[in-house]
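Below is one structure. I have some questions about it.
Residue numbering begins at 1 within each chain, and the chains themselves are lettered A, B, C, D, E, F, G, H, I and J in the order written.
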Amino acid sequence: MTPSPAPSRDQLETFANQFPSRDYTIEIVCPEFTSVCPKTGQPDFGTLTFRYVPDRLCVELKSLKLYLQAFRNAGIFYENVTNRILDDLVAVVQPRRMTLVAQFTPRGGISSRIAVSHPTNDHLPPTP
Amino acid sequence: MTPSPAPSRDQLETFANQFPSRDYTIEIVCPEFTSVCPKTGQPDFGTLTFRYVPDRLCVELKSLKLYLQAFRNAGIFYENVTNRILDDLVAVVQPRRMTLVAQFTPRGGISSRIAVSHPTNDHLPPTP
Amino acid sequence: MTPSPAPSRDQLETFANQFPSRDYTIEIVCPEFTSVCPKTGQPDFGTLTFRYVPDRLCVELKSLKLYLQAFRNAGIFYENVTNRILDDLVAVVQPRRMTLVAQFTPRGGISSRIAVSHPTNDHLPPTP
Amino acid sequence: MTPSPAPSRDQLETFANQFPSRDYTIEIVCPEFTSVCPKTGQPDFGTLTFRYVPDRLCVELKSLKLYLQAFRNAGIFYENVTNRILDDLVAVVQPRRMTLVAQFTPRGGISSRIAVSHPTNDHLPPTP
Amino acid sequence: MTPSPAPSRDQLETFANQFPSRDYTIEIVCPEFTSVCPKTGQPDFGTLTFRYVPDRLCVELKSLKLYLQAFRNAGIFYENVTNRILDDLVAVVQPRRMTLVAQFTPRGGISSRIAVSHPTNDHLPPTP
Amino acid sequence: MTPSPAPSRDQLETFANQFPSRDYTIEIVCPEFTSVCPKTGQPDFGTLTFRYVPDRLCVELKSLKLYLQAFRNAGIFYENVTNRILDDLVAVVQPRRMTLVAQFTPRGGISSRIAVSHPTNDHLPPTP
Amino acid sequence: MTPSPAPSRDQLETFANQFPSRDYTIEIVCPEFTSVCPKTGQPDFGTLTFRYVPDRLCVELKSLKLYLQAFRNAGIFYENVTNRILDDLVAVVQPRRMTLVAQFTPRGGISSRIAVSHPTNDHLPPTP
Amino acid sequence: MTPSPAPSRDQLETFANQFPSRDYTIEIVCPEFTSVCPKTGQPDFGTLTFRYVPDRLCVELKSLKLYLQAFRNAGIFYENVTNRILDDLVAVVQPRRMTLVAQFTPRGGISSRIAVSHPTNDHLPPTP
Amino acid sequence: MTPSPAPSRDQLETFANQFPSRDYTIEIVCPEFTSVCPKTGQPDFGTLTFRYVPDRLCVELKSLKLYLQAFRNAGIFYENVTNRILDDLVAVVQPRRMTLVAQFTPRGGISSRIAVSHPTNDHLPPTP
Amino acid sequence: MTPSPAPSRDQLETFANQFPSRDYTIEIVCPEFTSVCPKTGQPDFGTLTFRYVPDRLCVELKSLKLYLQAFRNAGIFYENVTNRILDDLVAVVQPRRMTLVAQFTPRGGISSRIAVSHPTNDHLPPTP
């Protein structure tokens, strides 16, 4: 495999939300996220769950997949990668609201889950 | 099979709600929805769950089935097909409230669920 | 194995929270906690679940693992170890809010669960 | 086995709560409680679940186990044993709040559950 | 409660098997067995499961219950109590075949299950 | 309720098996059987499961229901009632093979299951 | 509803098995079978499961559905309807082997299951 | 979507089995198969499960996906499509052994499962 | 806690099997085993399940618990600790047959299970 | 992360099996395997389950982890990677018997499982 480019929000593509007058929710589950621990160099594995209310744009799923794959060989802490991915999506998609929950598999017997929202503290409930 | 016609709200038939003085809920689950990804040309598969409170009309189920089958060879994004189907049903059935949740199977390790409501933000709770 | 040092909050390392303008929650589950009963000298086993909102610092997970391992041969009551660990983390990480729940395996047919929070009575809900 | 002494609150031992400035909850589950029906002389079996917020004292678990074992050959009704155990613990431990739920196995096809609290009607929620 | 008499096979009563020409199986489950550890003086708890093919006699269930209750204050190892109960039942009931499985609750984090048969190695299959 | 008559095999009705050249299996489950303990006078409750291969006759289900209801006030041991019901059915229906399993609810913490077959030891496998 | 015609094997249609040189298995599950009890006039409900190895013919499913619907108002015992349906299918489809299991819902607290095969005792294993 | 070509075994691609000296099993599950009922024109949906032991060739999965998608608008009976797909794969891949099980969703309340093998009756056990 | 002594088979105590004429099985489950990885110095956690047929001796459970606790600070590979514990028990208890299965929690995303028997390849079936 | 070296059996380390006179089984589960599809360049994800009987050598787990991580950026088909990993382990560890089952996540709606053994067709049963 050609080395992945560094992950960049420029990889994220959007398409116009054709129904901007309506508030509605989109939930996207990505169980195959992997990055690298910057401290140990070992791979990390997790499941990312996005929930958002689009404004003028929706994220295109294939570009989201490629953007997330770009973290495959990136060394980054759980907390930072979770916040950064939210920030990148918020910057590109400019949703009305967005929540990201990242659940990572155990390392050394310890597992972690990070939950971030935009705007802060405005957690979206699960899609019905 | 004769090529399906393009999907049109004209395919949806209704019958009179004989109990308009009562608010009541109708839940319809369609686990065999399929359309085509406009970007890759690959088929998509999903389950549609409708919940609505009828006003003067109810949707006739066989016509709903044929209307949904008309998407079989249509190329359309998840977000658009979900909103469009809600809009078509709202236009024809004119319900007091309606929610549509569309859960699609994984593509590239990523699965999606879209939830839309009419009026906006007025999500119906699950039928008990 | 070289005898573990006595557990000390000095073992806890942190890294800068790069997203301090955002309130977000971190949940950490440690199912392999073990210490020693000060009354019987017998080992105790439990699962610790942390939930916190970071301020300027996040706890580094490998240092947390080593800090918790330092209790391996320490004699300490359930109630004390749970409160002490919360106090150590609060002192070092200075989170906006933190909850710790410790569930211990049965001894003499009796099992225990201790829940502590900082600030007091400000229990964080489970991460969504 | 030497005959158990009659159960007495004097059997309950405590240790100082080292964290009295913090309200926190302790949950203790005892699935091996057994006493004797005063009417039939037959043994009863049940599970006791305590939840409390300590003030200056915590109950020492081994003494609690021995105190509960002292009911092994005592003839006492479900309602009485549940209230008496709560009263004994409240008298010795002087908690800020305490709840006890006792679930007994079927007798003649009928099972019972008793829930008592101190102060009255101040049921503690389940430990998170 | 009047102190239980020492357990004795004399407590076991039988009634005539009115269908001796037929081989059939009887399964009896006793989840409320309790005795005392001879080493620690602490109570043990277990579930006894009997399966047998009667010959001329069947065990009367109320007498079996009282016989088992007589172990309530008896100090005896798991292995011995399981074999002894089988021997007592075999001596009194003289079944064609009998199996006893005793599953005890954890002590010090360790749980035990003992399985004995008469004649030896002639385990009865589960009752259909 | 008018007192039930004593249960009698005369209550069992049959109809001609119209397919005697074929071996086939009939399974009948009766979860509402009740009789009375002859020792304590207390009601017993159980589930009866019949499996048989008919010869020239099949048992008529309503008559089976009434026959089983006639045990409502009869005092009879588990082992006897199970064998007697099998004998009555075998006498009246004359099946090629028949199995009856009776599972009774707990009494004094003890539950029982009895399995009988005709011919002896010729247990029918579960209906596919 | 126009009264259904009496059920007749003439309603069953077939199509040529295009792969007669291969032994293969077809499993058909019909959870919506209903007929009438000839004794009480009450409706019966059941699930029919067919498994067969075709020879020169396969049963056409829509005709099977209509044939089974023709029993809707027919008064017939469980045992008879199960054997008759097997006989009709064997006569029309002439399979190499066929099994039919009919599971009926409770009536008067009693449920029944009938299993028949052609040739007799040649039960097909479950489709892998 | 451009109309799919008629399904043809020419769409199936293979790659050389690099380990022909070893018998090993490959299991492939395709839960998104869809074709059209030749009688009603309605879409059918099913899950195909392949298990095979390769000889000199393995089937390439993307070509298998496209081959199966070519049935999307083809009118064909369950029994025929199952046998045809097995025949096409056997012709192209020439496996040592192959089994195909096709489970279709309910139509008119009736569901079907077809199982075919090459060589006939040589069903592969489930992959461990 | 006083440092544990090195684990030694001398810690294992036995008592006379009072029923040596009978072959019977004893199953012991220890879910709280912990030792140390000799390569990384990190603690390992596992569940040990013993099954054996005693000859003249039975292992005393409290001594088994203390013997297993002596591995708490011992550095030893999974394969070696499992075989060594079996050897120690076989040497001291001299059972007719014994099986030990050790299931360890994940490390670096990898989990292991080791199964050993005495005599070799003479795996005991699960206790009924 | 420094680019992984190409995967090589030289990365696999062993340690001497200290119990070669005993046949015993080792089961290793690796749920975090990832490689790259050589056709699409997309990452693949799977769970590898090894079961083997060691001869003179055991595989060291950390080296196995690093060896498997070396496939992270390697482009290789499912069938080839499964056979190659078995071959590498057999060459280095020289076990008496070894089985490897690889279960991959869905791609394009299709999931695969490959099972290989050494010697061929000598599948090890699951570790008890």
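Throughout what follows, a residue touches a chain if its C-beta (ideal position, glycine included) is under 8 Å from a C-beta of that chain, and two chains touch if they have at least 3 such contacts.
No experiment lies behind these values; they were computed from the predicted model shown.
Shared contact partners of subunit D and subunit I comprise C, E. Subunit F maps onto subunit G through a rotation of 60 degrees [Cα fit, steps of 5, range 0 to 180]. Centroid to centroid, with C-alpha atoms defining each point, subunit B and subunit G lie 36 Å apart. Centroids built from CA atoms put subunit F at 46 Å from subunit D. With centres set at the average Cα position, the gap from subunit D to subunit H is 63 Å. One finds 28 Å separating the Cα centroids of subunit A and subunit B. Along subunit C, residues 31-32, 42, 45, 105, 107-109 each make contact with two or more other chains.
The full set of touching chain pairs reads A-B, A-C, A-I, A-J, B-H, B-J, C-D, C-E, C-I, D-E, D-F, E-F, E-I, F-G, G-H, H-J, I-J.
Subunit C meets subunit A in the complex at residues 15, 17-19, 21-32, 54, 58, 60-62, 64-65, 127-128.
Listed in rising order, the residues of subunit G touching subunit F in the complex are 39-40, 77-80, 82-83, 87, 99, 101, 106-118, 120-121, 123, 126. On the subunit I side of its complex with subunit C, the touching residues are 1-3, 31-32, 34, 36, 41-43, 45, 69, 72-75, 105. Those residues of subunit I that touch subunit A in the shared complex are 42, 45, 105-109.
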